[in-house]
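The letters A, B and C name the chains in turn, as written, and every chain counts its residues from 1.
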Amino acid sequence: MTPGALRFAAEDLMIEYADRIDSDRLEDWLDLFTEDAVYQVMPRENFDRNLPASLWLCTNKNQIRDRVLSLRNANEYNLHYDRHLISNIRIRPGAGGILGLEANYAVFQTDLEGRSRLFSVGRYRDEVREAGGALLISKKLIIVDSFSVPTLLATPL
Amino acid sequence: MTPGALRFAAEDLMIEYADRIDSDRLEDWLDLFTEDAVYQVMPRENFDRNLPASLWLCTNKNQIRDRVLSLRNANEYNLHYDRHLISNIRIRPGAGGILGLEANYAVFQTDLEGRSRLFSVGRYRDEVREAGGALLISKKLIIVDSFSVPTLLATPL
Amino acid sequence: MTPGALRFAAEDLMIEYADRIDSDRLEDWLDLFTEDAVYQVMPRENFDRNLPASLWLCTNKNQIRDRVLSLRNANEYNLHYDRHLISNIRIRPGAGGILGLEANYAVFQTDLEGRSRLFSVGRYRDEVREAGGALLISKKLIIVDSFSVPTLLATPL
(Lines give C-alpha, C1' and ligand atoms only; values in the text may rest on other atoms or scores of the structure.)
Protein backbone atom coordinates (compact mmCIF):
# COMPACT_ATOMS: atom_id res chain seq x y z
CA MET A 1 0.00 0.00 0.00
CA THR A 2 1.07 3.62 -0.50
CA PRO A 3 1.49 5.70 2.68
CA GLY A 4 -1.82 7.44 2.00
CA ALA A 5 -3.69 4.18 1.37
CA LEU A 6 -2.19 2.68 4.51
CA ARG A 7 -3.26 5.68 6.55
CA PHE A 8 -6.81 5.41 5.26
CA ALA A 9 -6.84 1.65 5.89
CA ALA A 10 -5.66 2.21 9.46
CA GLU A 11 -8.35 4.84 10.07
CA ASP A 12 -10.97 2.55 8.55
CA LEU A 13 -9.91 -0.31 10.80
CA MET A 14 -10.36 1.91 13.87
CA ILE A 15 -13.75 3.05 12.59
CA GLU A 16 -14.93 -0.51 11.92
CA TYR A 17 -13.67 -1.58 15.33
CA ALA A 18 -15.72 1.13 17.04
CA ASP A 19 -18.81 0.69 14.90
CA ARG A 20 -19.07 -3.03 15.56
CA ILE A 21 -18.91 -2.47 19.31
CA ASP A 22 -21.27 0.51 19.28
CA SER A 23 -23.85 -1.35 17.21
CA ASP A 24 -23.48 -4.42 19.42
CA ARG A 25 -22.21 -6.65 16.61
CA LEU A 26 -19.56 -8.28 18.79
CA GLU A 27 -19.41 -11.46 16.70
CA ASP A 28 -18.47 -9.37 13.65
CA TRP A 29 -16.05 -7.43 15.83
CA LEU A 30 -14.15 -10.68 16.43
CA ASP A 31 -13.46 -10.89 12.70
CA LEU A 32 -11.13 -7.91 13.00
CA PHE A 33 -8.62 -9.94 15.03
CA THR A 34 -5.97 -12.44 13.96
CA GLU A 35 -6.18 -15.95 15.47
CA ASP A 36 -3.18 -15.22 17.74
CA ALA A 37 -4.45 -11.79 18.76
CA VAL A 38 -3.83 -10.40 22.24
CA TYR A 39 -6.53 -8.24 23.80
CA GLN A 40 -5.40 -6.40 26.90
CA VAL A 41 -6.85 -3.62 29.06
CA MET A 42 -4.37 -1.98 31.41
CA PRO A 43 -4.59 1.03 33.75
CA ARG A 44 -2.39 3.89 32.62
CA GLU A 45 -0.45 3.95 35.86
CA ASN A 46 0.55 0.30 35.44
CA PHE A 47 1.61 0.88 31.86
CA ASP A 48 3.71 3.91 32.77
CA ARG A 49 5.43 2.03 35.59
CA ASN A 50 5.93 -1.15 33.56
CA LEU A 51 3.72 -3.10 35.95
CA PRO A 52 2.26 -6.13 34.22
CA ALA A 53 -1.17 -6.25 35.94
CA SER A 54 -4.06 -6.05 33.48
CA LEU A 55 -7.76 -5.50 34.00
CA TRP A 56 -8.52 -7.82 31.13
CA LEU A 57 -6.17 -10.11 29.23
CA CYS A 58 -6.92 -12.51 26.40
CA THR A 59 -3.91 -14.11 24.75
CA ASN A 60 -5.62 -15.47 21.65
CA LYS A 61 -8.79 -15.05 19.66
CA ASN A 62 -10.54 -18.01 21.28
CA GLN A 63 -10.25 -16.30 24.63
CA ILE A 64 -11.69 -13.10 23.15
CA ARG A 65 -14.54 -15.17 21.69
CA ASP A 66 -15.21 -16.76 25.09
CA ARG A 67 -15.36 -13.32 26.59
CA VAL A 68 -17.93 -12.21 24.04
CA LEU A 69 -20.00 -15.29 24.82
CA SER A 70 -19.95 -14.58 28.53
CA LEU A 71 -20.90 -10.95 27.87
CA ARG A 72 -23.85 -12.20 25.83
CA ASN A 73 -25.01 -14.31 28.76
CA ALA A 74 -24.37 -11.65 31.41
CA ASN A 75 -26.02 -8.80 29.49
CA GLU A 76 -29.34 -10.44 28.77
CA TYR A 77 -30.79 -7.00 28.28
CA ASN A 78 -28.60 -4.36 26.70
CA LEU A 79 -28.81 -1.75 29.41
CA HIS A 80 -26.83 0.95 27.68
CA TYR A 81 -25.59 2.27 24.39
CA ASP A 82 -21.91 2.83 23.62
CA ARG A 83 -20.50 5.53 21.40
CA HIS A 84 -16.79 5.73 20.54
CA LEU A 85 -14.97 8.82 19.41
CA ILE A 86 -11.52 7.88 18.16
CA SER A 87 -9.02 10.53 17.16
CA ASN A 88 -5.29 11.25 17.02
CA ILE A 89 -4.75 8.09 14.96
CA ARG A 90 -1.12 7.41 14.12
CA ILE A 91 0.82 4.63 12.41
CA ARG A 92 4.20 3.50 13.72
CA PRO A 93 6.45 1.62 11.33
CA GLY A 94 7.16 -1.89 12.56
CA ALA A 95 9.22 -4.93 11.66
CA GLY A 96 8.23 -8.26 10.17
CA GLY A 97 5.06 -6.97 8.55
CA ILE A 98 3.69 -5.69 11.87
CA LEU A 99 2.58 -2.07 12.14
CA GLY A 100 2.00 -0.08 15.30
CA LEU A 101 -1.26 1.82 15.41
CA GLU A 102 -2.08 4.33 18.13
CA ALA A 103 -5.10 6.49 18.85
CA ASN A 104 -6.92 8.29 21.64
CA TYR A 105 -10.49 7.33 22.41
CA ALA A 106 -13.44 8.51 24.45
CA VAL A 107 -16.37 6.19 25.04
CA PHE A 108 -19.70 7.68 26.05
CA GLN A 109 -22.48 5.55 27.49
CA THR A 110 -26.17 6.32 27.39
CA ASP A 111 -28.73 4.64 29.61
CA LEU A 112 -32.26 3.69 28.65
CA GLU A 113 -33.54 7.09 29.80
CA GLY A 114 -31.31 8.76 27.21
CA ARG A 115 -28.82 10.15 29.71
CA SER A 116 -25.29 10.17 28.33
CA ARG A 117 -22.06 10.31 30.29
CA LEU A 118 -18.37 10.02 29.75
CA PHE A 119 -17.53 6.39 30.38
CA SER A 120 -13.87 5.92 29.57
CA VAL A 121 -10.98 7.79 28.02
CA GLY A 122 -7.65 6.31 27.11
CA ARG A 123 -5.30 5.28 24.38
CA TYR A 124 -5.02 2.37 21.98
CA ARG A 125 -1.54 0.99 21.36
CA ASP A 126 -2.21 -1.70 18.81
CA GLU A 127 -0.34 -3.91 16.44
CA VAL A 128 -1.86 -4.76 13.08
CA ARG A 129 -0.95 -7.02 10.18
CA GLU A 130 -1.92 -6.94 6.54
CA ALA A 131 -3.74 -10.10 5.51
CA GLY A 132 -5.36 -10.48 2.10
CA GLY A 133 -5.37 -6.75 1.40
CA ALA A 134 -6.99 -5.89 4.73
CA LEU A 135 -5.55 -4.97 8.11
CA LEU A 136 -6.22 -7.22 11.08
CA ILE A 137 -5.51 -6.58 14.74
CA SER A 138 -2.83 -8.84 16.22
CA LYS A 139 -2.58 -6.89 19.47
CA LYS A 140 -5.10 -4.56 21.07
CA LEU A 141 -3.56 -2.86 24.09
CA ILE A 142 -5.96 -0.41 25.73
CA ILE A 143 -4.39 1.97 28.24
CA VAL A 144 -7.32 3.25 30.27
CA ASP A 145 -7.06 6.57 32.07
CA SER A 146 -10.44 5.87 33.69
CA PHE A 147 -10.53 2.84 35.94
CA SER A 148 -12.92 3.75 38.75
CA VAL A 149 -15.92 2.49 36.80
CA PRO A 150 -17.56 -0.58 38.36
CA THR A 151 -19.10 -1.69 35.06
CA LEU A 152 -15.85 -1.14 33.22
CA LEU A 153 -15.69 -4.50 31.59
CA ALA A 154 -19.32 -4.95 30.63
CA THR A 155 -18.44 -4.24 26.99
CA PRO A 156 -15.18 -4.16 25.08
CA LEU A 157 -13.53 -0.75 24.91
CA MET B 1 -12.82 12.79 -7.68
CA THR B 2 -10.17 10.27 -6.66
CA PRO B 3 -10.94 8.19 -3.55
CA GLY B 4 -8.50 10.31 -1.54
CA ALA B 5 -9.96 13.60 -2.78
CA LEU B 6 -13.46 12.36 -2.04
CA ARG B 7 -12.46 11.36 1.46
CA PHE B 8 -10.99 14.79 2.12
CA ALA B 9 -14.07 16.48 0.63
CA ALA B 10 -16.33 14.43 2.87
CA GLU B 11 -14.28 15.31 5.95
CA ASP B 12 -14.28 18.97 4.97
CA LEU B 13 -18.05 18.94 4.57
CA MET B 14 -18.45 17.57 8.10
CA ILE B 15 -16.01 20.19 9.42
CA GLU B 16 -17.82 23.04 7.66
CA TYR B 17 -21.14 21.74 8.93
CA ALA B 18 -19.91 21.78 12.51
CA ASP B 19 -18.09 25.08 12.25
CA ARG B 20 -21.09 26.96 10.92
CA ILE B 21 -23.25 25.72 13.80
CA ASP B 22 -20.58 26.29 16.44
CA SER B 23 -19.94 29.83 15.26
CA ASP B 24 -23.69 30.50 15.06
CA ARG B 25 -23.67 31.12 11.31
CA LEU B 26 -26.87 29.19 10.73
CA GLU B 27 -27.76 31.04 7.53
CA ASP B 28 -24.45 29.93 6.00
CA TRP B 29 -25.07 26.47 7.40
CA LEU B 30 -28.21 26.28 5.22
CA ASP B 31 -26.00 26.63 2.13
CA LEU B 32 -24.62 23.14 2.77
CA PHE B 33 -27.98 21.53 1.96
CA THR B 34 -29.65 20.74 -1.37
CA GLU B 35 -33.09 22.25 -2.01
CA ASP B 36 -34.76 18.87 -1.46
CA ALA B 37 -32.74 18.06 1.65
CA VAL B 38 -34.22 16.09 4.52
CA TYR B 39 -33.13 16.99 8.05
CA GLN B 40 -34.17 14.47 10.66
CA VAL B 41 -33.32 13.87 14.32
CA MET B 42 -34.29 10.47 15.65
CA PRO B 43 -33.70 8.67 18.96
CA ARG B 44 -31.41 5.70 18.57
CA GLU B 45 -33.99 3.30 19.97
CA ASN B 46 -36.50 4.30 17.30
CA PHE B 47 -33.92 3.93 14.57
CA ASP B 48 -32.87 0.49 15.77
CA ARG B 49 -36.47 -0.71 15.95
CA ASN B 50 -37.47 0.85 12.64
CA LEU B 51 -39.96 3.12 14.37
CA PRO B 52 -40.63 6.22 12.29
CA ALA B 53 -41.09 8.78 15.10
CA SER B 54 -38.64 11.68 14.86
CA LEU B 55 -37.76 14.44 17.29
CA TRP B 56 -37.32 16.86 14.42
CA LEU B 57 -38.17 16.38 10.76
CA CYS B 58 -37.80 18.80 7.88
CA THR B 59 -38.51 17.37 4.44
CA ASN B 60 -37.02 20.19 2.35
CA LYS B 61 -34.66 23.11 2.67
CA ASN B 62 -37.44 25.66 3.12
CA GLN B 63 -38.54 23.85 6.25
CA ILE B 64 -34.97 23.86 7.55
CA ARG B 65 -34.82 27.60 6.81
CA ASP B 66 -38.07 28.16 8.72
CA ARG B 67 -36.59 26.30 11.64
CA VAL B 68 -33.52 28.51 11.64
CA LEU B 69 -35.76 31.59 11.58
CA SER B 70 -37.76 30.35 14.55
CA LEU B 71 -34.54 29.58 16.42
CA ARG B 72 -33.38 33.13 15.75
CA ASN B 73 -36.59 34.47 17.29
CA ALA B 74 -36.60 32.07 20.23
CA ASN B 75 -32.92 32.52 21.14
CA GLU B 76 -32.86 36.29 21.34
CA TYR B 77 -29.78 35.97 23.46
CA ASN B 78 -27.36 33.19 22.68
CA LEU B 79 -27.23 31.55 26.08
CA HIS B 80 -24.64 28.93 25.31
CA TYR B 81 -21.79 27.97 23.06
CA ASP B 82 -21.70 24.75 21.04
CA ARG B 83 -18.62 22.74 20.18
CA HIS B 84 -18.75 19.70 17.89
CA LEU B 85 -16.22 16.92 17.81
CA ILE B 86 -16.83 14.74 14.79
CA SER B 87 -14.84 11.56 14.25
CA ASN B 88 -15.08 8.07 12.75
CA ILE B 89 -16.06 9.60 9.38
CA ARG B 90 -16.81 7.04 6.69
CA ILE B 91 -18.05 7.11 3.12
CA ARG B 92 -20.50 4.50 1.85
CA PRO B 93 -20.73 4.02 -1.90
CA GLY B 94 -24.18 4.83 -3.20
CA ALA B 95 -26.20 4.76 -6.40
CA GLY B 96 -27.35 7.55 -8.70
CA GLY B 97 -24.62 9.95 -7.64
CA ILE B 98 -25.63 9.76 -3.98
CA LEU B 99 -23.01 8.90 -1.39
CA GLY B 100 -23.59 7.72 2.14
CA LEU B 101 -21.58 9.56 4.78
CA GLU B 102 -21.45 8.43 8.41
CA ALA B 103 -19.73 9.80 11.48
CA ASN B 104 -19.92 9.87 15.26
CA TYR B 105 -20.30 13.18 17.02
CA ALA B 106 -20.16 14.65 20.49
CA VAL B 107 -21.55 18.12 21.12
CA PHE B 108 -20.40 20.00 24.21
CA GLN B 109 -22.25 23.07 25.44
CA THR B 110 -20.80 25.83 27.56
CA ASP B 111 -22.89 28.32 29.49
CA LEU B 112 -22.10 31.99 30.03
CA GLU B 113 -20.19 31.17 33.22
CA GLY B 114 -17.79 29.06 31.16
CA ARG B 115 -19.04 25.72 32.47
CA SER B 116 -18.89 23.03 29.79
CA ARG B 117 -20.84 19.81 29.71
CA LEU B 118 -21.52 16.93 27.40
CA PHE B 119 -24.72 17.82 25.57
CA SER B 120 -25.33 15.11 22.99
CA VAL B 121 -23.61 12.12 21.46
CA GLY B 122 -24.80 10.20 18.47
CA ARG B 123 -24.24 9.32 14.87
CA TYR B 124 -24.75 11.02 11.53
CA ARG B 125 -26.09 8.87 8.71
CA ASP B 126 -26.13 11.30 5.83
CA GLU B 127 -26.53 11.30 2.09
CA VAL B 128 -24.54 13.75 0.01
CA ARG B 129 -24.40 14.69 -3.66
CA GLU B 130 -21.69 16.30 -5.71
CA ALA B 131 -22.82 19.59 -7.21
CA GLY B 132 -20.41 21.91 -9.04
CA GLY B 133 -17.31 20.26 -7.61
CA ALA B 134 -18.58 20.50 -4.01
CA LEU B 135 -20.52 18.09 -1.83
CA LEU B 136 -23.97 19.08 -0.58
CA ILE B 137 -26.13 17.35 2.00
CA SER B 138 -29.32 15.83 0.60
CA LYS B 139 -30.16 13.96 3.79
CA LYS B 140 -29.02 14.62 7.35
CA LEU B 141 -30.19 11.83 9.61
CA ILE B 142 -29.03 12.32 13.19
CA ILE B 143 -29.37 9.29 15.44
CA VAL B 144 -29.18 10.69 18.95
CA ASP B 145 -28.10 8.48 21.83
CA SER B 146 -28.92 11.32 24.24
CA PHE B 147 -32.54 12.36 24.31
CA SER B 148 -33.23 13.31 27.90
CA VAL B 149 -32.13 16.90 27.34
CA PRO B 150 -34.95 19.44 27.63
CA THR B 151 -33.20 21.99 25.45
CA LEU B 152 -32.31 19.37 22.88
CA LEU B 153 -33.63 21.21 19.89
CA ALA B 154 -32.50 24.74 20.72
CA THR B 155 -29.75 24.45 18.10
CA PRO B 156 -29.14 22.09 15.21
CA LEU B 157 -27.00 19.08 16.07
CA MET C 1 4.25 19.22 -0.32
CA THR C 2 1.20 17.95 -2.18
CA PRO C 3 -2.19 18.90 -0.68
CA GLY C 4 -2.59 15.37 0.66
CA ALA C 5 0.88 15.29 2.20
CA LEU C 6 0.32 18.70 3.75
CA ARG C 7 -2.97 17.55 5.24
CA PHE C 8 -1.31 14.51 6.77
CA ALA C 9 1.58 16.63 8.07
CA ALA C 10 -0.87 19.05 9.68
CA GLU C 11 -2.78 16.21 11.32
CA ASP C 12 0.46 14.66 12.53
CA LEU C 13 1.58 17.95 14.04
CA MET C 14 -1.67 18.15 16.02
CA ILE C 15 -1.26 14.54 17.14
CA GLU C 16 2.34 15.07 18.24
CA TYR C 17 1.33 18.25 20.06
CA ALA C 18 -1.33 16.38 22.03
CA ASP C 19 0.77 13.32 22.69
CA ARG C 20 3.68 15.25 24.15
CA ILE C 21 1.36 17.04 26.58
CA ASP C 22 -0.62 13.92 27.48
CA SER C 23 2.52 11.91 28.15
CA ASP C 24 3.98 14.80 30.17
CA ARG C 25 6.95 15.33 27.81
CA LEU C 26 6.68 19.10 27.95
CA GLU C 27 10.34 19.67 27.09
CA ASP C 28 9.84 17.73 23.82
CA TRP C 29 6.59 19.62 23.31
CA LEU C 30 8.63 22.85 23.18
CA ASP C 31 10.45 21.51 20.12
CA LEU C 32 7.24 21.87 18.10
CA PHE C 33 7.42 25.68 18.31
CA THR C 34 9.47 28.21 16.33
CA GLU C 35 11.75 30.53 18.33
CA ASP C 36 9.36 33.46 17.78
CA ALA C 37 6.25 31.45 18.58
CA VAL C 38 3.26 33.02 20.32
CA TYR C 39 1.29 30.87 22.75
CA GLN C 40 -2.02 32.40 23.78
CA VAL C 41 -5.08 31.16 25.66
CA MET C 42 -8.16 33.34 25.29
CA PRO C 43 -11.79 32.96 26.43
CA ARG C 44 -14.16 32.55 23.51
CA GLU C 45 -16.21 35.55 24.50
CA ASN C 46 -13.15 37.81 24.34
CA PHE C 47 -12.16 36.42 20.97
CA ASP C 48 -15.64 36.90 19.53
CA ARG C 49 -15.78 40.49 20.79
CA ASN C 50 -12.24 41.31 19.72
CA LEU C 51 -11.22 41.96 23.31
CA PRO C 52 -7.48 41.48 23.74
CA ALA C 53 -7.43 40.03 27.28
CA SER C 54 -5.77 36.61 27.46
CA LEU C 55 -5.67 34.00 30.18
CA TRP C 56 -2.12 33.10 29.19
CA LEU C 57 0.18 34.85 26.77
CA CYS C 58 3.74 34.00 25.81
CA THR C 59 5.21 36.05 22.98
CA ASN C 60 8.24 33.89 22.24
CA LYS C 61 9.57 30.41 22.84
CA ASN C 62 11.70 31.44 25.83
CA GLN C 63 8.56 32.54 27.63
CA ILE C 64 6.89 29.24 26.84
CA ARG C 65 9.99 27.47 28.16
CA ASP C 66 9.85 29.51 31.38
CA ARG C 67 6.25 28.53 31.78
CA VAL C 68 7.11 24.85 31.45
CA LEU C 69 9.83 25.29 34.07
CA SER C 70 7.43 26.91 36.50
CA LEU C 71 4.88 24.14 35.88
CA ARG C 72 7.59 21.60 36.67
CA ASN C 73 8.22 23.32 39.99
CA ALA C 74 4.55 23.84 40.84
CA ASN C 75 3.44 20.32 39.96
CA GLU C 76 5.91 18.40 42.07
CA TYR C 77 3.55 15.48 41.95
CA ASN C 78 1.59 14.90 38.77
CA LEU C 79 -1.89 14.90 40.22
CA HIS C 80 -3.78 14.12 37.05
CA TYR C 81 -3.59 12.65 33.59
CA ASP C 82 -4.53 14.59 30.45
CA ARG C 83 -6.08 13.14 27.33
CA HIS C 84 -6.65 15.21 24.20
CA LEU C 85 -9.15 14.43 21.49
CA ILE C 86 -8.51 16.66 18.51
CA SER C 87 -10.86 16.65 15.54
CA ASN C 88 -12.25 18.87 12.77
CA ILE C 89 -8.71 19.70 11.65
CA ARG C 90 -8.54 22.17 8.78
CA ILE C 91 -5.81 23.98 6.88
CA ARG C 92 -6.26 27.57 5.81
CA PRO C 93 -4.01 28.83 3.01
CA GLY C 94 -1.80 31.65 4.19
CA ALA C 95 0.75 34.11 2.86
CA GLY C 96 4.53 34.25 3.20
CA GLY C 97 4.90 30.55 3.90
CA ILE C 98 2.54 30.68 6.89
CA LEU C 99 -0.40 28.31 7.01
CA GLY C 100 -3.47 28.58 9.18
CA LEU C 101 -4.40 25.42 11.03
CA GLU C 102 -7.65 25.05 12.94
CA ALA C 103 -9.14 22.25 15.00
CA ASN C 104 -11.59 21.53 17.80
CA TYR C 105 -10.32 19.88 20.95
CA ALA C 106 -11.65 18.27 24.09
CA VAL C 107 -9.31 17.63 27.01
CA PHE C 108 -10.30 15.08 29.62
CA GLN C 109 -8.55 14.89 32.96
CA THR C 110 -8.34 11.86 35.19
CA ASP C 111 -7.41 11.99 38.86
CA LEU C 112 -5.35 9.46 40.76
CA GLU C 113 -8.50 7.52 41.67
CA GLY C 114 -9.17 6.95 37.98
CA ARG C 115 -12.11 9.33 37.76
CA SER C 116 -12.26 11.10 34.40
CA ARG C 117 -14.04 14.33 33.61
CA LEU C 118 -14.36 16.81 30.81
CA PHE C 119 -11.78 19.48 31.52
CA SER C 120 -11.83 21.87 28.60
CA VAL C 121 -13.31 22.20 25.13
CA GLY C 122 -12.39 24.80 22.59
CA ARG C 123 -10.72 25.56 19.31
CA TYR C 124 -7.17 25.91 18.08
CA ARG C 125 -6.47 28.70 15.61
CA ASP C 126 -2.83 28.20 14.86
CA GLU C 127 -0.23 29.36 12.42
CA VAL C 128 2.43 26.96 11.26
CA ARG C 129 5.53 27.18 9.07
CA GLU C 130 7.43 24.57 7.15
CA ALA C 131 11.03 24.27 8.34
CA GLY C 132 13.34 21.54 7.07
CA GLY C 133 10.50 19.37 5.76
CA ALA C 134 8.55 19.53 9.03
CA LEU C 135 5.82 21.87 10.26
CA LEU C 136 6.47 24.03 13.31
CA ILE C 137 4.00 26.11 15.29
CA SER C 138 4.60 29.87 15.04
CA LYS C 139 1.33 30.78 16.74
CA LYS C 140 -0.85 28.71 19.04
CA LEU C 141 -4.08 30.55 19.76
CA ILE C 142 -6.40 28.54 22.00
CA ILE C 143 -9.97 29.79 22.17
CA VAL C 144 -11.37 28.16 25.30
CA ASP C 145 -15.12 27.67 25.66
CA SER C 146 -14.53 26.45 29.22
CA PHE C 147 -13.00 29.01 31.57
CA SER C 148 -14.60 28.32 34.93
CA VAL C 149 -11.96 25.79 35.87
CA PRO C 150 -9.71 26.91 38.73
CA THR C 151 -6.85 24.66 37.67
CA LEU C 152 -7.15 25.73 34.08
CA LEU C 153 -3.56 26.64 33.57
CA ALA C 154 -1.89 23.79 35.42
CA THR C 155 -0.95 22.19 32.09
CA PRO C 156 -0.83 23.47 28.53
CA LEU C 157 -4.00 22.91 26.56
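Keep this in mind: a residue touches a chain if its C-beta (ideal position, glycine included) is under 8 Å from a C-beta of that chain, and two chains touch if they have at least 3 such contacts.
Small disclaimer: the values here were computed from a predicted structure and weren't measured.
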For subunit A placed onto subunit B, the superposition rotation in degrees, Cα atoms, nearest 5: 120
Interface residue overlap between copies subunit A and subunit C, same or different (over half shared): different
Cα-centroid distance, subunit A relative to subunit C, in whole angstrom: 27
Where subunit A touches two or more other chains at once, by residue number: 4, 85, 87, 106, 118
Contact footprint of subunit C on subunit A as seen in their complex: 3-4, 7, 43-44, 85, 87-90, 104, 106, 118, 120-123, 144-149
Of subunit B, residues touching subunit C in the complex: 4, 8, 12, 14-15, 18-19, 22, 81, 83-87, 106, 108, 110, 113-118
